[in-house]
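Structures follow.
There are two complexes below, and they share subunit A, which is joined by subunit B in the first and by subunit C in the second.
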Partner chain A sequence: MLNNLLAASRAWGKRNAEMAALPFLLVGVVLLLSVAIEITSEGNVHFLSVENFGAMAAQIPELGLLSLAMMVTMLTAGINLSIISSANLVGVTMAITMLTFGPGAASAGLTLPLIVLTIVGGLLFSVLLGLFNGLLIAKLKITPVLATLGTMILYEGLTLAITKGYVISGMPEEFLVIASGDVFGVPYALIVFTVAAVVMAYVLQRRPFGRQLYMLGSNQTAASFSAVNIDRVILKTYMLSGLLVGLAAIIMLSRFSSANARQGTSLLLVTVLIAVLGGTDPDGGFGKVLGLVMALVIMQCITSGLNLLGISSFLTLGLWGALLIGVIAYRSYRAKNPGNRPKSVSA
Partner chain B sequence: MSDFIAMRHVTKNYAGVQALKDIDFQLKRGEIHCLCGENGSGKSTLIKILSGVVKPDEGSEITIDGRVFPHLSAHEALEQGVRVIYQDLALFPNLTVKENIAFQSFSEKGSPMVSWNQVEKTARGAMSLIGLDLDLNRLTGTLPIAQQQLVEITRALIGEPKLLVLDEPTASLTRKEVNALFEVIFRLKSRGVTTMFVSHKLNEVFEIAERVTVLRDGERIGEYVPSEIDHKKLVFLMTGRKYESALPSPVDPLAPNLLEVKNLTRNGEFTDLSFTVKKGEIVGITGLLGSGRTELALAIFGMTVPDSGSLLLEGKAIKPRSNSDAKKLGIGYVPEDRLRQGVIQAQSILDNMSLTVLEKLKTTLGLLDKQKMKTDAQTWVKDLQIKIPSLDSSVKTLSGGNQQKVVLSKWLATNPKLLILDEPTIGIDVLAKNGVHDLVKKLATKGIGIILISDEIPEVLSNCHRVLVMQKGRFVHELVPGPDAERDLLENFNLS
Partner chain C sequence: MTNKNPGAQLRLQRFFGQNETILLLVLLAMVTAITAVSPRFLGPENLFSILLSASYTGIFAIGFLLVLVSGGLDVSFTAVATVAQYAMGTVLLANPDISPALALLIPLLVGMALGSLNALLIHYLSAPPIIITIANLNIFFGLLQFITGGEWLNGFPEWFDHFPQTYVLSFENADGVKYGLSVIVMIWLAVAVVAGVLMHYFKAGRKLYAMGGNLEAARRAGIDILRYRIFAYGFLGFCAGLGGMVHTLITQTVVPNTLVGHEFDVVAAVVLGGASIFGGSGTVVGTVLGVGLLAVLSNALTIMKVPTYWHEVFVGAIVILSITITTLSALAARNREKKYHAQ
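Moving on to the complex of A and B:
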């Protein structure tokens, strides 16, 4: 029994070399942080506590959704730098919609329909913002970094123009339930993320679109010679990225009960870090949802842990940058020195 | 002529694998010597030992001009005048021609400044040795591959070269460029430079070599004079197997036309092309690179749109606007550049094989049927006799011949009526080549119409029912393979 389990896990590690180290890393991080926090706080605060896990679970969904939105584009050897500014533009638009029509709807008893409409509209709008990215990349052949850097600034500019730099706050109580409510102690937001992650895993591994996405990420020319409609796959990819951003925007708006043009801009780097740490190849073609989720949990543990240790969040940001460089450097070192991987078969 | 270089008892072990077993190998001054052998026969190792990149095992001995070395360092090899030009050129594409040729003379004479006059003089001098005339200030990366190769040869001529080793120099050259390269080799020969030439194209070996050394599985099989052996014998020596190439089985004269091409024109690419392909027929198209043959293939495959003319498939007019249209109509295309266009090297064999048929592999839920995907792929592996470690291995672990079979299986899976093969055996060694040829002929007997594009004349002549010759975007000749066909093509169209 135990032997079978070991053999199975070894086989899994072989098939998923790019994320095989993550479970060990996760255990290591948790152990290290538990002990460190236990010592420094002299037993007043615990890392392994319901409160702390609750706090972490609350922060995972939006970061997870944004990381998924980043990852799908990276699989195609692209990137989406506009995820945060898209989320803010969508959030602000939804906030204004609800504030404008809220009082009227409330007096007519139509608050819930308004919220549903806002959510649907927000998701559609977010998909459109993604589609715009896709059009720039697929049709105008602008490289993804520049295209999404452009839209990042464009969307942020639009949001600033709409808000004039102010924070828009005061969402209806019913809307705030999305972030604060739970079933059997599991927050709604976490359920949304879990469902999104599972669906994404299936789409990537088991839908024709998913396989095409990986293949064109590795070699766009060969994929196009294999009768893959490259433009369509790229458009779908960035629309999917937009949809995930939209879900994140809803959860963020609900959590903060407010929206502004510069919410969470430092998360952009973190989503790239999570994707790469989780085994997504920055050059495209490789990466799995499971790896991303593990990396997400590891990152969240480190964030919470450092916070409990009282380390400045500015320093943490610097640490993320260093970690990102470290992970990418390690990957390229491994690519050059494959070690004892299976040798090529000669003719 | 005395031996200029003599290698004796050269042995090399790589972690238990014997790459070279007690090899004796001689080069005479000023001769043109071909090294023949299949992939993995030890050719590359021998070249690397000669150029000082690889150190042979104890007991090996290399004599150059009477000086005996137990092994060479890269520096000693250079000093002794050994210059190697590998298949993957080592040029700086974003530097000019003169910089590429003469970059060693940048820092000469202790001056801190680059003497551009000196650089230009050196470059021009070296180019004149082989009668090359290129714009010195052009960026090297913008030159056609053949001229880039000549730039690299020119660079090798600086200093005192005595031996030029060319590793598969003609793999990406057109026939005309090959002729130009051969002329350069003859010029160098007249200056006393020895050339060692490695090629998979055996007709070129017979054309240029004065002596041939054959290696097989790390052993020296022997040294031969080309005029004393023939093509078949050489293949036998290289592979250790007798191979009888069967002609394609005859086409049923009553078989209906599968494809009719009528006056097809795409401005600047090809003009007024008309031909037919019957069910089960293999039609060869040959002509120099740039004659418009690949462009024709892309138009039939829907990747470009012709300006005028028409296409009929099984009697019905078709207008494929994309290659997915073409795929749905039953047209498949195996592209000429296997590594960039054919396979997705980093991805698994399974994913490569199923890429064209993902839609067919869906279950009712719209998810891929992984089990069917695997069993289908396994069937192709068995049918086409593809040698793979496992379906999950990446394609880059396969040899060229097996990679090409993966590309073929990807298209066979779509159940095509018409298959266009563009240079299907380029860079593949002899035995694997024959494997691909047998497969093509077998497919034709199953009723698939095949267009075989190749600039290797023996390939089209021994595998096609009819051959069309293309020049400057037009068909200029049509012939049925026969005893005089090769001479006919050689004399009338300057093809080999």
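Moving on to the complex of A and C:
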């Protein structure tokens, strides 16, 4: 029984070499942080506590959705630098819609339909923003880095122009439930993320579109000779990325009850870090949702741990950068020295 | 349409289709239009002040051009510039009697070191430059903020304060205030000329174009990729240090978050100047014109009292538009050459 389990886990580790180290890393991080926090806070604050896990669970969904949005584009050897500014543009648009029509709808007893309409509209809008990225990349053949760099500035500019630099706040109570409500202690937002992650895993591993996406990322020429419609896959990828951004925007708006043009700009680095740490190859073709979820949990543990330890957010920013380079260095080392890995998986 | 001499036609098309020619025409048209609205715009005082305020963006842009031409990308240069500013400012405040030459050398060395670090990481980790430089942007900026606590530096020595008021050409306006072409603008132009000559007439420059055109072909042609990567990113680091220094000279203060976050003004100017996103093309003249165009646009928006939060919309739209045009014309040129070779 135990032997079977060990053999199965070894086989899993071989098949998923890019994320085999993550479970150990997760356990290590949790142990290290709980001991460090126990010592420094002299037992007043516990890392392994219901409150802390609750706080972490609250932040996971939006970061996870944004990381998924980053990951799908990376699988095609692209990148989406506009995720944060798209999320802010969508968030601000939804906020303004609800503030403008909210009072009228409330007096007519139509608050709920308004919220549903706003959410649907917000998701459509974010898909459109993604489509625009996709069109620039697929039809105009602009490299993903520069295309999304351009839209990142454009979307942020539009948001600034709409808000005039102000924060838009005061969402209806019914909308705030998305972030604050829960079923049996599981927040709605976490359910949204879980469903999104499962659907994404299914699409990427089991649907033709998902497989085409990986093919495109591994070798675009080979994919196009294999009758993959490159332009269509790219368009769909960036629209999917936009949709995930839209979900994140809804959750962010609900959690902060406010939106502005420059919310969470430092998250861009974190989403890249989570995707790469989770085993996604920035050169395209490799990466799985499971790895991303593990990396997300690890990152969230470290973030909240450093926070509990009272470490400056700027130092954390520097650490994220160093960690990203560290992970890439480790990958590159492994790629050059395959060691005892079976030859069939050497890439 | 058939033509007896497709080669000559190609050359003609190239001349009129040249990005620099178009940019210059657009710039002249804009200047004329703005002058018609507000005659004070064309006065030498305003022009000199536009040149001065564009100088550090211009210096950054020259360095960025070299990296883009070589097929790379670096978004960390604003953080490099800030670190360089801080290094210089700290030394100046600690030893006010330090020789000016030595003090001004510090940011250049810091810049080159950090730029070369980018090159080494990109080369040895064979990772996409955008990811490495996003990481380094956060490392440099995060550590700087952490170590300095975001403290502002000011109160530099007297010579430092007077430096930007050294004029190459000087005039006096009706109120008796001195103004002129600051020596700082000359620094920008000197960097541009050096880079232009280097890119056009020296092997090192041509090798950068070769790398950007096709890295593998360049490698097989025997170009030492690591060496020229260090050269390109190191040069951008140098420009970042110099730009940071110039920025400090103009503002007389060092603030950690004035430059970081404005990378994209520089990116916008360079792509507007026609540097191809495929790498392997782009000229110093185009970049200087791109910087000039954005500076004039921003000045014009201010004169026309357009709120500042609209500026970013313009910059974003211009970037996308100019990237689109450059890409399409590059694709069209490629197709034309294919057709030409096929004939």
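Definition applied: the second predicted complex is superposed on the first by the 342 of 347 C-alpha atoms of A that agree within 3 Å, B and C clash if a C-alpha of one lies under 4 Å from a C-alpha of the other, contacts with A are read in each partner's own complex, and residues count from 1 in each chain.
Heads up, the rule we're going with is that a residue touches a chain if its C-beta (ideal position, glycine included) is under 8 Å from a C-beta of that chain, and two chains touch if they have at least 3 such contacts.
Keep in mind the model is a prediction, meaning the values are calculated, not measured.
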Query = Is A:Ala227 contacted by the first partner subunit B, the second partner subunit C, both or neither?
reply = first
Key: When both partners are placed on the shared chain, which of subunit B and subunit C touches more of subunit A   = C
Request  = Go through the superposed model and pick first if A:Leu2 touches only subunit B, second if only subunit C, both, or neither.
outcome  = neither
Query = Looking at the overlay, does A:Phe314 come into contact with subunit B only (first), subunit C only (second), both, or neither?
reply = second
Task = Have a look at where A:Val50 lands relative to subunit B and subunit C in the superposition and call it first, second, both or neither.
result = neither
Task = May I ask you to decide whether A:Gln212 touches subunit B, subunit C, both, or neither, giving the answer as first, second, both or neither?
result = first
Ask   = Which holds for A:Arg15: it touches subunit B only (first), subunit C only (second), both, or neither?
value = first
Contacts of A:Lys164 with subunit B and subunit C, given as first, second, both or neither = second
Inquiry  = Taking the superposition on A as described, I'd like to know which of subunit B and subunit C A:Ala322 touches: first, second, both or neither.
reply    = second
Note = Counting only contacts in the complex, subunit A reaches subunit B at residues 15, 202, 205-208, 211-212, 214-215, 218-219, 221-229, 285-286, 342-347
In the complex with subunit C, residue positions of subunit A that touch it = 79, 81, 136, 140-143, 145-147, 149-158, 160-161, 163-165, 266, 268-269, 272-273, 276, 282-283, 312, 314-322, 324-325, 328-329, 332
Request  = Under the touch definition given earlier, write down the residues of subunit C that touch subunit A in their complex.
outcome  = 73, 121, 124-128, 130-132, 134-139, 141-143, 145-146, 264, 267-268, 271, 277-278, 307, 309-317, 319-320, 323-324, 327-328, 331
Note = subunit A partner, complex, touching residues on subunit B are 38-40, 303, 322-324, 326-327, 333, 335, 340-347, 351-352, 354-356, 358-359, 361-362, 366-368, 370, 387-389, 392-393, 396-402, 410, 429, 431-432
